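Below, each structure is written out as structure tokens.
Here come two complexes built around chain A, the first alongside chain B, the second alongside chain C.
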Partner chain A sequence: MNLAATGMAAAVAIGLMTALIAALLPARPALIGTGTALTGAAAVAAGAAALAGGSFSVVLPDVLPLSGVSLTLDPLGALFVAVTGGVAVAAGIYSVSYADTADLRARGVQTALPVFVVAMVLVPAAANVGTLLVCWELMALASLVLVVAEHRRGPRVASAGRWYAVMTHLGFVSVLIGLMVFVAQAPDDSFTALREAGRQLSPAVAGVVFVLTLAGFASKAGIVPLHAWLPRAHPEAPSHVSALMSAAMVNLGVYGVVRVGVDLLGGGPAWWWLLVLALGAVSAVYGILQAAMSSDLKRLLGLSTTENMGLVLIGVGAAGLFASSGDHALAALALTAALLHLVGHAAFKTVLFLAAGSVLHATGTRDLDALGGLRPVMPVTTAAFGVGALAASALPPGTAFVSEWLLLQALIHGLPAGGVAAAIAMPVAVAAVALTAGLAVATFVKAFGVGFLAKPRSDAVVDAHESPLTMLAGMGVAAVVCVVLALWPAGILPAVQAAAGGVAVSGDVILRLDQVTGALSPLLLALGLVAAVVVVAGVVRTAAVRRVRRTARLWDCGGGPMSARMEYTATSFAEPLQRVFDDVVQPELDVDVSHHQESRYLVQAVEYRRKVPDRIERRLYQPVLRLIAAWGRAGRGLAPGSVHRYLGYGFYAVCGVLILLAVTR
Partner chain B sequence: MSALGVVGGVVQPVLIVAGSPLLVGVMRQVRARLEGRAGAGVGQPWRDLRKLLRKERIAPRGTSEVFRFAPLVLVATTLVVAVVVPFVATESALDPVADLFAVVALLALGAVALALAGLDTGTAFGGMGASREMTILALVEPTLLVAIFALSVRVGSTNLGTIVSSTLQDPARVISPVSLLAAVALVVVIVAETGRIPVDNPSTHLELTMVHEAMVLEYAGPDLALVELASAMRLSVFLGLLANLFAPWGIATEATPLAVLIGVLALMVKVGVLGGLLAAAEVFVAKLRLFRVPELLAGSFLLALLAVAASFFLA
Partner chain C sequence: MLSLWRKIRRTGRVAEPAPPLPDGERPERAAVLGGSVQIRHVDAGSCNGCEVEIGSAFGPVHDGERYGARLVASPRHADVLLVTGVVTRNMAEPLRRTFDAVPAPKLVVAVGDCARDCGVFAGAYGVAGAVRDVVPVDVEIPGCPPRPEAIVEGLRKLTGR
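On to the complex of A and B.
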């Protein structure tokens, strides 16, 4: 038994043991959190071992009916196992104190956490369709229990749970149908058999399989237009669960697309990948635009997940497009960029959600308009969020900067390679990536600057306190990973390239593209920046007068000290962007002016409400929901509550079937 | 790291730091003369900096480290760009950083530091400036990157040294439609990024129109000196980048004293001429309303996109 197998076995065993303890014994968040973290650590070890070349596979025919459980850890799956494990380590440590509330101590919730992690670890290790679908569904159910854990907080949690339950199951059905169509063309449902069969599929069947599975997997990854559950479920879930969902679970949607599209179906025609690329580009821009308008910290982070998964899909789509035109070197580069972005996103989204949870824990609010001034009271959380925000903004020295640089390199060099389709797709994709990067900068400046700096905007912040040590440790682990990934991406690149199935980038301190010209050194860049800061500080020290900084009043135009209500809020920060993208987001403004009774010329109060509705949701989902509601109302007449009538329905139905059989046979 | 790279890495930052306040002085002088004023002289920005450096440091109440470190980061990012970009010599001291995307991202990092400082003060002005600056930054990014795309396609690399060297070898490329379209797009973007008329007015203190000035309203003394120096340096860096992307002639290709001297002079002349033209144009143009700026940037984005299309279909 090699390390990978031992690690997987340990992860599953520890996870299930923890779940068993949680189910049987009274709530012990410390024990469950530690167990979850250990599960994650074992998964990281298994993934790392498999990526280093120790892949394994195991078949357990008796565990499940029909084809049994079959697990294989190949490099692609191993990367996702390791990423999921890493997120689980941070979230597990964090949950030791975070989950110590009445709602989260509930037995079902405590049990669901390790089960969720085990299911997520098993999904990328599944080697047949049966195992994949069972683990997928287990993952969905466990996460659903966790999403509604704090249902006592209000009806919004229940509503988020309903949206999530319905959409995740519709996605499941789509994946199920797609894979069933596929399996019907193969001798059995193992991935090896499907890989063989995938090469001989007719284009039409392959297209149907791809589109159906893409729809299902994209809905899991929060890709527009199937994203509606994501900005609901991620904010309402407890924060360590948000981190697990946003940094680990959505990745598995991308895993599904790559596994089925690239691996099992063996690539495909260009239109598949243009579709993926277009979905990615729309998601990236739409997600970050909605995030830029959002003033709910966790909703903003959730929408940014849609954005980042969109960027990943741009990379996957570009990779498929290059592969379909025969340029495998460039395809490897694009897929490497996509997977590197995915790993980086997992790291920084974990930090960001955990830090947001810490803020929620301390202040009881996640409304950016009520936050601010957290820097003096919560220095560690502020620093962690700052690291995460820098990593998410695609600015050097940050995690996303390296992966987006690789992605842009792939797109730029794809122009001469891919013919007319590429000539149109690549510039648009570059523009989408660029607009996304720009808006992401604005979004995270807003989240960090308004949420953590400046003066407190409400009393909740004044009484805030720094979080307990385990929460800080959870954030710290993820923040350190962020920094390492940003400065030394070469540490993870061999693993990512093993998963991408091709070597496109080499080098240690300096990353060099192998097939095309291009080099970047994040470490030298960061060192240069630090050196420049030191030089400038030194020069200013010698050139300027050396007196102690004097504390002074802010410039208040002579009007006396300014109150916190005069500060810019998140809503006002986003107002110019909202105006610029007025036609896209179509915000709803509501201004009520009430006048004095004595004179209509004197204004008593002005009430201003702004809402940025999700336009895609309104156009796409509301009609369907209305239709279903109308159908339900129409069907109500059939069920008046009379038992006689129901018996009559049964009788007529049986007669109808008998007549049908008599006629057709 | 070649000798030429080292020479460039030493000469360029010194030249940019020493020369950029003079560039601002020249531009103000051009404006003053065109408006019929005598002007304060070319050396005035340097005299201002000296005066500011002698004043005491102020820490406005309620601000954090972000506010104090932002000017340092702003100058440092620009300094790194001044070191790595081929302004005077074709080879870079830090070649793996002399990538167009990296340079653009570094300059954006400086802007972000200042925006966070603006928000950190907790005043309405600071927040307003930060919000506007970030909006413009977000809209500038697509044009900038697509224009870079157009320029790098023909070379097959985004490395600045490679782009500049290939233009030197094949000067006919400069008058191709790709270059012209990309140049116009870049000019608009640079005007927006450096906060010049018609996007922002560097000499205004009217709340309706302030962008950059609103963010830095709380700075005083040496901190303000750094901010002022950085904004002058950013202007020189952007103009130098524009000059060397499209007209790199005179740049040193070997590490002899004469070649480097010619490189220095050529850069000064090119940036001086561009700055003079920009200042002259500013006299005749009114500042745009903030919400008309996106239209201008959308126009430049279209040009950049056309440049990419031209680079594919006319190649």
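On to the complex of A and C.
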């Protein structure tokens, strides 16, 4: 057994043991959290070892009836195993104190956490369809239990759980049908057999398989228009679960698309990848636009996940497009950019969700309009969120900057590569990435500026306190990874390129693109930035020394003192953006002015309500839901509750079948 | 757009020819400003008569800006405070704070009879006093309300142009 196999075995064993302890013994969040973190650490070790060249493969025919369990850790799967493990380490440490509440100490919830992590680690390691689908479903069920863990908090949690359950299972059905169609063309359901069969599939069957699996995997990745569960489930789940779902689980949707589309089906025609690219572009722009309008901190982060998965899919789609036109160097570059962004997203989204959870833990609210002024009371959480927010905005020195720069390079250089389709798609994709990057900066300036700086907007914040040490440690681990990824992406590039199946970027301090011209050094850029800040600060300081220092009152229009009600809120900060994108988001505004009874000229109160509904949801989901409701109402007439009637239905059905058989045989 | 051009062509130039530079004493500190004077207007309790005339003084006919005077939006940007009206009790402290917020060197212009010596409101129960009772005044422009020409003339004492 090599290190990868040992690591995987350790991860599964520790995870299942932890789950067993959680199920049998009274709640011990410290033990369960530690077990989860150790599971993650073992997964990271396994993934890293497999990426370094020690891949392994194991077949256990007796574990699962009919298909058996078959696991393989190739570089692509290993990257996802390592990312999932990394998120689990941070979330596990964090959960030691965070999960120490009445709702989260429940036995089922404590058991589901390690099971969820083990299932997520196994999905990218599965080497046949049976194993993949079983682990996929286990992952969905465990996460569902965790989403509804705090169901006592209100009906919204239950509603989020229902949405998540239905959407994830529809996605599962879609993946299931797609893979069954695929397996029917192959001798057995192992990925090796599928890989060979995939080369000989007729284009129509391959297209059906790809579209069906894409629909299922995209719904897991929160891609528009199958994203409706994501902004519901992520805010309502406990924060360490949100981090696991948003930073690790959604990645597996992308894994599925890459595994089936690129690996098993072996590429495919250009229209597949144009579809992926279009879905990615729409998700990126729509996700970040909705996030910019949101004033719920965790909903904002959830919508930003849709945006980032959209960016990743833009990269995947571009890679498929380049590969289908035979340009493998550019394809490797685009896929490297996509996977690097995915790793970076996992790091910063973990920090952001854990920090948001810390805020929720301390103040009891995630409404940005009620937060603010957290910097003095929660300095570490504020710093962690700041690191995450910088990493999420595509500005140097941030984590997302490097990957989005690579993505843009691939898209720009891809213009002459792929004929008419690429000539149209590439400029649009570049524009989408640029718009997304700009809106992401506005969104995270809002989240950080309104949520953490300025004055407290409610009493809950005034009484806030810094979180316990283990929560800070969980955030700290992820924040350090963010900083390392931002300054030294070369450290992880070999692993990402091994997963992407091609070397596109080389260099240690200065990243140079192969085949196309382009170079970037995040480290030197960051050092230059720091040097510039030091120089400017020094000049200002020396210039200021010569002048007499005067303390002046903050200009408050002479009225003063300024209250927290005069601050920018999340709603008012997003208002200009909302005006610009009025036609796209179609907000519902409502202004109520009530007057004094004595005179209509004296205003008693002005009430302003703004709601930004999800337009795609209203157009796409409401008609379907109405149709299903109508179907149900129509069916109700057939079921009046009479036993005789039901027996009659059975009798006539059997007679009908017998007559049918008699006529046709 | 076309109608705007047509309007401009039909109307032509409406600004009155610049009257000769007013003589009379020029505050010493105004010379430091070098002919460019940024003005913040403060309504300390005016009936808005003076405001109408100030608006007119900076309108196209009298065009105060051609002499180097300009209205700005914050005392932090200003060299000069243009105070109108009697100083009411509610506005005394804000006026003092506004004066403090203007960077030195700074000047104060009291516009209208109320600002100079409380005008018809002298002795009223809500009045804290004339402007000079609250902040030091450098230039006074009499009138109830002063004509726009008078306001422009007063400001030209500061710009020296």
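General observations
The definition used in the following text is that the second predicted complex is superposed on the first by the 657 of 665 C-alpha atoms of A that agree within 3 Å, B and C clash if a C-alpha of one lies under 4 Å from a C-alpha of the other, contacts with A are read in each partner's own complex, and residues count from 1 in each chain.
Everything below uses one rule, namely that a residue touches a chain if its C-beta (ideal position, glycine included) is under 8 Å from a C-beta of that chain, and two chains touch if they have at least 3 such contacts.
Please read all numbers here as calculations on a predicted model, not as lab measurements.
Legend: residue contacts after superposition of the two complexes on their common chain; A:V580 is shown touching chain B, with no touch to chain C.
Set side by side, chain B and chain C differ in how many residues of chain A they touch, and the one touching more is B. Look at A:M562: by the touch rule set out above, it reaches chain B but stays clear of chain C. Applying the stated contact rule after C-alpha superposition, one finds that A:A552 touches each of chain B and chain C. With both structures placed on the common chain, the touch criterion links A:L638 to neither chain B nor chain C. Taken together, the two complexes place residues 552-553, 555 of chain A in contact with chain B and also with chain C.
Residues of chain A that touch chain B in their complex: 292, 372-373, 375-376, 393-396, 401, 405, 408-409, 411-413, 415-416, 423, 426-427, 430-431, 433-435, 437-439, 441-442, 445-446, 448-450, 453-455, 510-511, 516-521, 524-525, 528-529, 532-533, 535-537, 540, 543-545, 547-556, 562, 564, 566-568, 572-577, 579-580. Residues of chain C that touch chain A in their complex: 74-76, 93-95, 97-98, 100-101.
Touching chain C in their complex are the following residues of chain A: 552-553, 555, 557-560. Those residues of chain B whose C-beta lies close enough to touch chain A in the complex are 53-62, 64, 66, 68-69, 72-73, 75-77, 79-80, 83-84, 94-97, 99, 101-102, 105-106, 108-109, 112, 115-116, 118-128, 130-132, 134-135, 137-142, 144-146, 149, 152-153, 156-159, 162, 217-218, 221-222, 225-226, 290-291, 294, 301, 305, 308-309, 311-313, 315.
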